[in-house]
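Next, two complexes with chain A in common: one pairs it with chain B, the other with chain C.
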Partner chain A sequence: MNRKFWVALSALALIFGAFGTGIVAAQSPTVVTVWFHSGQGAERDALTAILDRYNASQSVYRAEATQLPEGSYNDQVNAAAVANALPCLLDFDGPNVYNYAWAGYLIPLDDYLAQVPDLAADIIPSIIQQGTYQDKLWSIGTFDSGLAIWGNKKMLEAANVRIPTSIEDAWTLDEFNAALEALRAVVPADGYPLDLKMNYGAGEWFTYGFSPILQSFGGDLIDRTDFQSADGTINGEAAVAAMTWFQGLFKNGLTSATPEDDNVFKDGKAALSFVGHWVYPEYSAALGEDLVLLPMPKFGEKAATGMGSWNWGITSTCAAKDGAWDLLKFLLAADNVKAFADASGAVPALTSVLEADARYAEGGALNIYFQQLVGGVAVPRPQTPAYPVITRAFAQAVDEIAKGGDVQTALDKAADTIDRDIANNNGYAPRN
Partner chain B sequence: MAVTTPPRRKPSLYDGERRLALLMLSPAALLLLCFLLIPFFMAFGLSLTNQRLISPNPTEIIGLGNYRELLDVRFFPLAPRLDPDTNAPLRDAEGNLVYPAVREILRADPETRFFRELAQIDLFGTRYLIAASDATFWRALANTFMFALIVVPLQTAFALMLAMLVNQKLRGMNFFRTVYFSPVVTTMAIVSVLWFFMYNPDFGLINSLLGVVGLGPFRWLEDPRSALFSIIILSIWQGVGFQMVIFLAGLQEIPQELYEAAQIDGAGRWRQFTNVTLPSLRNTTIFVVISTTILAFKLFVQVDVMTFGTGGPFDSTATTILHLVNQGYRQQRVGYASAISVIFVLIVLVISVLQRRVLTNREV
Partner chain C sequence: MSSISQTVGAEERRAAQARARGYRLRRTLFLTLNYGFMLFLVGFFVFPVVIMVVSSLKPERLVSSDMRTIYAFIPREATLENYTCPDYQSPETKCVDGAGGVFERLPMPRLFFNSVFVTSSIVLLGLFVNSMAAYALARLRLPGRGIVLTLVILLIIVPFESVAVPLLLLVNELPWIDGTISWLNSYHVQIFPFAADAFSIFLFYQFFLNIPRDFDEAARVDGAGGFLIYRRIIVPLARPVFATVAILQFLAHWGSFLWPLMTTRGFEFTTLPVAMNVFFGQAPRQWGDVMAFASLATVPVLVVFLLFQRWFVQSVSASGVKG
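Right, the complex of A and B next:
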């Protein structure tokens, strides 16, 4: 290199250096970087509006948000963690928190939450349950999820099917089977009784939505006493019975593994839709008074349903952790929790908001979700760092079973995949 | 994968020209070094460890452990089940011998605890079980070869056919050239989503069209027998335009006099094609075949999108790269995925070298 080059480079460095100090001297707000998954339209808009309000409300911190596509969100978070490029505050699908906490890229929130006892007391128990791993709280959601069955009242009445209104009088397996058969007669020729949202594809939905069926039959994804083995549980007798029944739905034409699109229930081509709270805004717009929410059936001794949803964590590499907490606190403000729940139909994470919401009160459109969450029906997904592998293995098994594969073989394969992963990670022993 | 072969004869360069040559080579060489050679050696290094994407556990060197897990295949002779009373072999309703459950045999030995069945074969009156430590890897490898074996000749032939079609001197030919080329400039992910809907067994366009002539309905992506075939069709449709353009350039390079001379000699259209067009396109064809082969081995996006990353049903569409991504990213096993990538590079390298040998050694 010649001298001129170095002179030019030094000059450039001087100019930029000067600009740099200028920026610092101006005392601009501390930037808090935020990542969130781009979910349903209404949810996304509500969150964007809340972040805008946050930036307008104060000048100490400024939230800079990036939306990432939901499908590969977990991959992107992992890649960013490797590259040391995680944002300060990020949301993630609930059960991934255990893996993130184990890997060490989240900080516990207990100390922060202890500073605001009013807020701590207001958060509903299921949110705390989901965010807890190794006795510390690693994440907080602004809403919880609800999973039950949406029904088309007109069709249910036409088929003379009993409509349960509480978790106590939920359908039994025999009743559910009979209802499905009766509904065959009232759905149009190109429709079917039950929509399972198989169009979501082999991903988190398969685990969130269908592992409660295993649990209700008496099985589970993994032995939860020590989270060391799935063999004998995910492929045990109860699980095989559950998934054999599940496969029967497809074999008998009661549902479809390849729905035409996302609108089967809205278009009146299915009488029941087995899906979570997030469809509530569009379903109620399409069906109005004909939309009813039915509790999860009791496939075995007791009913089971999913819980937990997207929640927020603060990263250990964040330079502005206090800012990230300040923003998270803002997201958890009653108004914002309410705004988000109104937009998405999700269960608000604050008892105060939940109790004030007529939709969750007795007789309200979403009351079943409330009953399931407080009535012990909801089961958290396995609280282990092995969760990402568990969910992939189970989703793949569900995919194979829905397409007609041998149930025992598919579940055996899932059990081996999970157990091999746990062995490869020395049992996912907790840090220190 | 770029393969550089040394020139056959060492060119005699003057000193100054040699320096100039090195200088002009350096950008490409630097890029190859940074993005090909160094990563390859890094991958080889990682493949000897149990490196995880994210883990609090320290990385340990485990020697060839990953390769053993990846490549271990074992044969077990199977003895038919015996009737406990008579000691005669048990037979099922159709009179076939009954064999013990594979999983029980494999789990009996802690070494083969996680093995899965690849196949069962009858040899000299004995039934053998072939089980692999990573059965998905072997299926993926077989699928990848199958894909390449079908796609390379078909796509090359189609590309040449299309190139000859759009090489006609007719009005509006540019329109057809654009139409045939348009799938190439469409992102594969979008093409895959569109075809996913077209393949829907109940409502998809393809089954609707076939239904008109009384065929189907086929469960394209749901049936393990047709899933890979479905991926092949869409891949050829998407990729053929690129090779078409290369062939088109090759066709337009052929001097018109050759055809005139052939006509004077009394050659018909077919003789002109086999004796003028094909030999003149020799170098173009070599390029098309080698580049299509390498692209075929990299099969990933279509399968990832259309099967939601599962390579299903039952590994019927699993591919080597998909398995690599699933292991390295989605199961966070960077060390293991590195071992897959090293094996994969070696396979592609051998095939590329062989292809070059076979295709370029024949002098015209």
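Right, the complex of A and C next:
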């Protein structure tokens, strides 16, 4: 009797214990902390809506998001890393991927992605290229960027300039030079043929935007065989030729180092605008049918353009890594990728979403981006933790060159800055 | 005879009048030049603030383009869209593209509260803690007082940037009264590390040394203890230095950036200077928003300055520091 009583009591305790645990588990889902940058309003609203949908869709994990100011985002991430207080899922810009991976902030995502082969096959190649460092995948973006040249069709036709429609028939350097000269005749007296968005200032835009010119000429920011030295590459013969041509644009009055504002192209004072995808909504509203997207010219043997944007990684200190991946997988669902891309105006990261979007289909307004990203024109940023230093050094050189400084001297200085940083960090040898 | 004296008198009068005219002319010229120079200086110092406020009242497309013209000082096509635009629906405004003004993009009331609360707490707590410390150093015969004083003075020259990271690691391990570990992302992490301030202690100490000890001794004879003497004798006599320290601490911490950046996340506890980085993301910069935010963040500083103008001038002459 006594023994039966205790056995029954133990069984009941086990049942209720398990049930109780179940109740507790159901009531308190595992928290997945998320940090994201405070971008444009629509982008922010889209992410908030997606996270709300995620929390409503299941009860195992709960995403808790914190918005951080974009201008100091990297500093706050580094401070949190020092204090061991990074969130589980982290949003970060393309320039920081390799530095974060090298510093040990992130974990590789290869094993997780291998569990969903359909998703892996659907992600566009440039997203995988951007997230790969030391043969491992550290980040995945829900959208990519597009960089090409926006043209004013009416002005191009008035100047009898050929309008290329694919990456294969992109302008050559001679054609581009001739086009700029011809366009000089059709722009207003207070305008110029090419807007380079120099008003963005010496920052990441200078590297993202103008290093493809270097690469198309046959140069690069660093020797990519081992990422140990920029000397001889960023200041090599091809790079100097590229930046000398670039400086000529300013010297010959084909562009301006000090645009009066951000509206030069929209106001019809420039016939071409060298800038990324983010201007599409406003340019499209301003020019309508007269807006055309032209592929990046072949300055040398091949064309080159930039790639990469904000992307997501799972931190190494995260206590709920599976939850973070579950959330990231949700963010990468086709509907959510489309919602993100619609809000940000960026290029969706999934082939399926791109193919379903008329703008990226053949003949579509943004088809050139699709061609460039999947057709091998887009070049990833150098996959080295030194990239933050590389971009600062190159942007500084571009600034000096645009203002009339000696090209070789400016690039030599950049090479020296980069090589010293690499030496100071012992070649950025892998930490583990 | 009388005609000669009349002639001499008239000449003297004319000469005196001429001298007076000359004096008035010189004085007018002097005053004109003087005021002209002072107005030039006023313009020189005020024009960044004027440009900031005027630019904040312009549509975004005019902010940059007007900078090269006299319109930089004139709020043409004045609008509040950089501040807020709940119903304004004209084309090419921030309201249409969803970005909105600063009140739509940021929780401004919360950020103002955070800045005011953190800064005021540091100032009030600092006045108490630092003056007490200085009182102890100035009045009490403690063993090792000289060493402590030397250490306090040495601490003045240690820049905060050099101790920021160790301090971050420290506060991350500290417990709080609710049982949690780590002070990160809270009000107290922004307040307590700055309550004690070496320069404030030094200012108080210098001032307390000049208050005659006779007052203390008279109070002591009447039965007053150390704290009563501090509260009833020292504090009332030291109001100017309290005002000086309050103003200097307010100005220093209202614009504090590095520490809130390192220790807060999101907008729940962060202050205005860190939140301003929302506008420094991807190019192009929305300078209208930046100017609107900066104008709003400057208002409390101007209010404090106007309220405590007299003390502020005294603090500059007393400490040689203007924040």
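Just so it is clear, the second predicted complex is superposed on the first by the 390 of 432 C-alpha atoms of A that agree within 3 Å, B and C clash if a C-alpha of one lies under 4 Å from a C-alpha of the other, contacts with A are read in each partner's own complex, and residues count from 1 in each chain.
The rule we apply is simple: a contact is a pair of C-beta atoms (placed from the backbone, for glycine too) under 8 Å apart; a residue touches a chain by one contact, two chains touch by 3 or more.
Model, not experiment: these values are computed from the prediction.
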{"item": "Clash-or-fit label for the pair chain B, chain C on chain A", "value": "clash"}
{"item": "Partner chain in contact with A:202 - chain B first, chain C second, else both or neither", "value": "first"}
{"item": "Touching partner for A:260 - first (chain B), second (chain C), both, neither", "value": "both"}
{"item": "Which superposed partner A:83 touches (first chain B, second chain C, both, neither)", "value": "second"}
{"item": "Which superposed partner A:426 touches (first chain B, second chain C, both, neither)", "value": "first"}
{"item": "Contacts of A:400 with chain B and chain C, given as first, second, both or neither", "value": "first"}
{"item": "Chain B versus chain C as contact partner of A:104, first or second or both or neither", "value": "first"}
{"item": "First (chain B), second (chain C), both or neither touched by A:55", "value": "neither"}
{"item": "Contacts of A:75 with chain B and chain C, given as first, second, both or neither", "value": "both"}
{"item": "Touching partner for A:38 - first (chain B), second (chain C), both, neither", "value": "second"}
{"item": "Selected from 61-69, 79-87, 115-123 or 277-285: the stretch of chain C that, after superposition, runs into chain B", "value": "61-69"}
{"item": "Common ground on chain A, meaning residues reached by chain C in one complex and by chain B in the other", "value": "75, 79, 82, 201, 203, 260-261"}
{"item": "Touching residues on chain A, where the partner in the complex is chain C", "value": "35, 37-42, 45, 66-73, 75-76, 79-80, 82-85, 197, 199-201, 203, 205, 260-263, 278, 281-282"}
{"item": "Complex contacts: residues of chain B adjacent to chain A", "value": "50, 52-57, 103, 114, 116, 200-203, 222-223, 307-310, 312-314, 326, 329-333"}
{"item": "Residue ranges of chain C touching chain A (in the complex, touch as defined)", "value": "61, 63-65, 68, 97-100, 104-105, 165, 168-169, 172, 182, 184, 261-263, 265-267, 274-285"}
{"item": "Of chain A, residues touching chain B in the complex", "value": "75, 78-79, 81-82, 99, 102-105, 190, 201-203, 256-258, 260-261, 388-389, 392, 395-396, 399-400, 403-405, 412-413, 416, 419-421, 424-426, 431"}
